[in-house]
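Chain IDs A, B, C, D and E follow the sequence of writing; residue 1 opens each chain.
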Amino acid sequence: MTSRLARHAGLLAVLALACMLPFVLSNFRLFQFTQVYIYAIAILGLNMLTGYNGQFSLGHGAFYAVGAYVSAIMMDRWHVPYGWTIPVAGVICLVVGFLFGLPALRLEGLYLALATFSLALAVPQILKYFEHWTGGSQGIVLSKPKAPLGLPLSPDQWLYFLTLAVLVILFWLGANLLRGRVGRAIVAIRDNHISAEAMGINSALYKSLVFGVSAAYTGVAGALSASVIAFVAPDSFNVFLSITLLIGSVIGGLASISGAIFGAFFIQFVPNWAQDISKAAPWAIFGVFLIVFMYVMPFGIAGAVGRIWIRMTRSRVLQAGRDPAPAHHAHTTT
Amino acid sequence: MTRTRKLLIAVLAVGLAGLIPALAAQTVVGVTATEIKIGNTNPYSGPASAYGTIGKVIGAYFKKVNDEGGINGRKINYITYDDGYSPPKTVEMVRKLVEQDQVAFVFQTLGTPTNSAIHKYVNQEKVPHLFVATGATKWNDPKNFPWTMGFQPNYQTEGRVYAAHVLKNHPDAKVGILYQNDDYGKDYLKGFEDGLGEAAKKMIVLKQSHEVTDPTIDSQIVNLKNSGATVFFNITIPKFAVQAIKKSHDIGWKPVHYLNNVSSSLATVLKPAGLEASRGLITALYMKEVTDPQWKNDKGFQDWVAFMKKYYPEGALDDQANGYGYNVAILVAHTLRQCGNDLSRENIIRQAANLKNVELPLLLPGIKVNTSPTDHAPIEQEQLARFDGERWVTFGELFDAFRKQ
Amino acid sequence: MEIFTQQVVSGLATGGIYASVALALVMIYQATDVVNFAQGEMAMFATYICWSMLNAGLPYWGAFLATLGFAFIGGVVIERVVIRPVENAPILSIVIVTLGLLVICNSVAGWIWTYVQKPFPSPFPSKPFKVSLGAGETIFGAHDIGQIGITLFVLLCIYLFFRFTPLGLAMRAAAQNPVSSRLCGIRVGWMLALGWGLAAVVGAVAGMMVAPSLTLEPNLMGGVQIYAFAAATLGGFTSPGGAVLGGFIVGVVENLVGTYVSFIGTELKFTVALAMIIVVLLVKPSGLFGSTVVKRV
Amino acid sequence: MSALLEVHGLEAFYGRTKALHGVSFSMAAGGITTILGANGAGKTTTLRAISRMVRTAGTISFEGQPLEARVTEDIVQFGIAHAPEGRGTFVHLTVEENLKVGAWGRRERGGLEADFERVFGYFPVLRERRRQMAGTLSGGEQQMLCVARALMLRPRLLLLDEPSLGLAPLVVREIFRILRTVNQAGVTILLVEQNAALALDLADHVFLLETGRVVLEGPSDVLRRDDAIRRAYLGY
Amino acid sequence: MAPILSVRDLTVRFGGIIALESVSFDVDEGQIVGLIGPNGAGKTTLFNCLSRLYTPDRGEVLFRGRPVLPLPPYRIAELGIGRTFQNLALFPTLTVLQNVMVGLHSRSRSDFLSNAMRLPWVGREEARIQATALELLEFLDLTALAQHPAAGLPFGTLKRVELARSLASQPSLLLLDEPASGLNHEEVFAIGALIQKVRATRALTVLLVEHHMGMVMQVSEKVVVLDFGRKIAEGTPAEVRRDPNVVRAYLGEAA
């Protein structure tokens, strides 16, 4: 029981720290952290699909874009308060993802990855095509939301707390989902879909639903980003976004909840560091980072942390109810 | 500190517009006795990385300024970040410049979507947003966005220049248009269509778009030829301009070919496309084409070459962007000199909006920078030119968008 | 009719570009089960090497061959140095490594050669052919024809190499059944490296054939590679011939859709091409010509 | 007769699981030795250990040269051919190509045609199927191809893993007849087999493995009468 | 007593190869039936038909008189048919406990939404699932390994984990595919005893595919022998053991 307690205490400490940040950090830093949280939500969505369920997606930027545009269009055209647009974006992405997940059932591995990649490529074009709604390539300029109820917070502080709250709720929901009956089924399908079916799991339904949930997470992240950046344009959601999310997911640790946060920090800050190291070819530095990371931590940061943790504690008896899939074992089977 | 500033902003917000200058305390940020901090974002990576060199050549020019003693004894501390042409990244980087690095002003941020993303922010924060590197029209809107200022002639204006020429010389033409499917292409298109006015519907027989990620535009050229167009307005960046010129030549389509200024480089567009195939192209220029042999003995050009060799030897001498960056860096240096010792943000934008007949070494002779509090478009003159197989030959009178309004 | 044939011809020319890169992608996938996201960038880099040699005064074919040699060595070295350490890592980790390679190639090329686009010579005459087909006249670009020819020639070479040489046979064996291959004394690791080397050669040919049409710049292959993915997916990632055919199909269909389906027009033609590919995949989940052997991904 | 293959204290591991617990035996040149035992007794693992496909401890020497430090790819250079369990057919290659792959590891490159003739002599059906994809062959033909492929190496030692697996008795008998001919042509054979009667009939020497240990050893005609084998297989 | 499982005229072809040809037999409630035959005889193919992984070309499978073949694979567990796999089909990244808990999937109901919200009843169901799983682990002497990932455990242990997982769905018919393969001598007989114990305590019917004749003979009440896709013998262990066809199929004929 102590380890579980320690875990909860640790989480609470991190959360407390996160809540204190707005009173220590500058608005700009807060904005950066807000972006990290947004990425983390998106990556958790991708992790559910790719890490836990084994369905590869190179196109999650598409759902991010859909979420952002749903939110932006609602705010811009119908003056819906931003707060309401976030769940709506999530629900719409849930449906879109589920519908995309149905045909995707027929595709495996590489072909699924490339089909989703196509989705990521097509979305910016489609956004431009429906200019009447989306503002075309000019995009939609939004207003940054202010703190409600006269809270004495700057817009950045307010958005930070809002994003943090959404993050906590979504991570809580995600963790619940992944550690329960459904989560075990999701991983079981990835590990061995034949025996999963033999255990009574309707893998077609589960895979489509996971696709939907995953898209919903990423869509919520997109909707949050629309408010935080206060601008949406097709250029914000090009194929690099999908690839960046995938990088964050793999570097953070695929089948891991905490990995989503590590990965988000990576994609937010490492390109900036790369820039500090070399102005001449920042991406070359970033590329080297990627390769070195994969050499040193082939199972991502969460995988490496997990290993170090196990080595340190040397305890084989771990607590029940933790993540069903230790990341360092993920995908070792085929 | 932040609280007082917030208070200040609150006070300012309730003040009447006319009273603002009187009430406002002068905000001096990013300036010390020995230094002035300038912020910039550029796409050093990503799809628009070809323009990254602009950020670099500006840095090289500021080094030259610093080597020569700086401006009014202050060295320029030029901070430039990569935004990868991604609007969210631009927001982040500009906020970093403004809030963390505390630059005096932001300058030459590149790209329309990227600048759109920070447009509101810099104006709310009252940070001068000078000489942005995009040809959209919205930067010249001093009423709503008093802190933002454009630089180059805007694409819509240029589109109107061509339209006027078409109406005058080929009133019965059938017009075919190829444009890049983004803000840049659509701005040109809008200017051109507006310029044609009522005649647009009748004259334009086919519009074809392409994505910047498309490998080729052959198909579009084939369709344009097939439409029977006798005038071709070509709104593409250099890579596609080369293809368009080559392909239309190859398939034997010989329209009156208007090529947008963006792709007017001899070295990177016309030569690869074939000088013969390029003969007769019409474009509108405001800068000296750095690869055009006619400027070989021009003082401004020679100065630029000498500068490039000394301060930016790795930069390409056949890249118009390096000439562009040089021009704009000189303009900002000029503006700062004009500020004298008052380097408050208010004065910087005030001076930037008070440039009178400034000449830049690589502007075409006769083209001058002029701004005013109601005119945030520094360069508004353009000159039509026709390619004679060797160089751009200017013709007709200088077109001045501002005067015409 | 004239427009139709002209669009088909220009689609074939563009399709030839996609096909040549798709071929390189398929080669690595067949040899090593890895989808190399850096394929296009490696090709671009090799093309720059060729450009530098041409600039230094080497004759075209000399530079061409030297570039192939460079590409081969480069491919082998990349496999041994960059890919091998992550050979046993999860497949997505390998994907990330190739993405790293992609950004490195792109960034370093921009750093060395700048982003200014450079004309790249074609070995073929510049004068186009005009052919009367039925109603009107159809024009074939000489370079386009030459490039399609070279792509088909490379495909033929690949076929001959794999079909008739002991080394080609060993590579096929190693890709199919590494365990049995080891038991037969085949050094599977080196076969994988060889696969990368050859794919790099195929890519370099593609780069040198593409560059005259698109002009050389570091982002030369960005768009092309995306289409090449589409082509390889359509044709089937396990079939070189299918990938080439997929390239032509994508090129032609995209042009025809853009020309004849007016409400789509040119703005959505790529989207439509992608949608088509997804539909094809749904009917045939491993592409038109792909084998149904379940591959590790 | 000097020992061709000598195995001493061989242990083998799959991950952390130990599959062999100190197997020792030696084989003379020229004979046919068979390893018998129930499923999971470690028969296949023993062959895999010789071919360096599993992590091992202990020594393996072939004609006095140690094999432990070698990698699988090198084993063929000693003249050891391994026809693996499940046949390891290259299903997308033709029969002829499969045979060519089998010849890849040998030193001398020439004489391919002669070798084809030799193995087609043993397995005439393969000659008919020469241009056919190996995947289209029947199970028996694939097994023949597997042996033929191993013979293309011109091996001195042939490791054979369950050649009777899933085959009709008539086909098995045919294959075993050929193995005898091959042996008479000078190839030493180490055979892993579940069909005990057949194996005992073919082999001159037998090892019985049980749970990773050699429990019984001797000439086959002696062991044929031993109940241990019956027990190991039929459980009574 | 009506048979719990009836296999009627089952025929499966792969390409040209006939894997099963007109196989018919019954399994009576409460029996342990052994299904034996040499490698490649079609035992696993038959099993895969029963759990709907393959669709036979002809024939019928009735479970308690109800046709099984029209159902999708994931509905089989619900009916009360559990199975294990020949080469272990555990979920390697899940812990032993979680593997067994997946086995209870068909005996639990909570959905995506209620799981994510962790509604009180989900917590109760989860507790029930876990308690049942732990009980099974206790029963199979696996409690100490509950939190260990399935990957990396010894083969024999994994066999028991798989057995536990298949029991979790409280099947009335258990299909065991080579439970003894890869086990050592002592383990084989231990698992034999275990199967009998399971049958006795859980009121099960067991259909057992097994290579290890000793074990089959020890535990089965009835044995069905397949060879080359055909049923060559059926009867009590003693009868089958004496059947010359069986002896020939197993020990082979000396050439």
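Simple rule for what comes next: a contact is a pair of C-beta atoms (placed from the backbone, for glycine too) under 8 Å apart; a residue touches a chain by one contact, two chains touch by 3 or more.
Only a predicted model underlies this, so the values are computations on that prediction, with no experimental measurement involved.
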If a chain touches subunit B and subunit C alike, it appears here:
A
Between D-E and A-C, name the chain pair that shares the greater number of C-beta pairs in contact.
A-C
From the centre of subunit D, which other chain's Cα mean sits the farthest off?
B
Counting only C-alpha atoms to place each centre, which chain is farthest from subunit E?
B
Indicate the whole-number Å distance between the mean C-alpha point of subunit A and the mean C-alpha point of subunit C.
32
Whole-Å distance, C-alpha centre of subunit A to that of subunit B, is 37
Could you please state the distance in Å, as a whole number, between where the Cα atoms of subunit C are centred and where those of subunit E are centred?
49
Whole-Å distance, subunit A centre to subunit D centre, using C-alpha means?
52
Show the residues in subunit E shared as contacts by 2 or more other chains, in ascending order.
none
Would you give the residues of subunit C that are in contact with at least 2 other chains, written as numbers and ranges?
103, 107, 110, 226, 267, 270
Any chance you could list the residues of subunit D touching two or more other chains?
none
Could you list each pair of chains that touch one another?
A-B, A-C, A-E, B-C, C-D, D-E
Show which residues of subunit B lie in contact with subunit C when the two form their complex.
45, 47, 49-53, 181, 208-216, 218-220, 222-223, 226, 238-239, 242-243, 247, 250-252, 267-268, 271-272, 274, 314-316, 318-319
Report the residues of subunit D in contact with subunit E in the complex, numbered from low to high.
15-17, 38-40, 138-139, 162, 164-169, 172-173, 176-177, 194-198, 200-202, 210-212, 230-231, 233-236
Seen from subunit C, its contact residues with subunit A in the complex are 29, 35, 82, 85-86, 88-97, 99-104, 106-108, 110-111, 226, 229-230, 233, 237, 267-268, 270-271, 274-275, 277-278, 281-282, 285-287, 294-297
Seen from subunit C, its contact residues with subunit B in the complex are 2-3, 6-7, 10-11, 13-14, 17-18, 103, 107, 110, 114-119, 126, 128, 130, 139, 141, 210, 213-215, 217-219, 222-224, 226-227, 254-255, 258-259, 265-267, 270
Residues of subunit C touching subunit D in the complex
166, 169-170, 172-173, 176-177, 179-188, 291
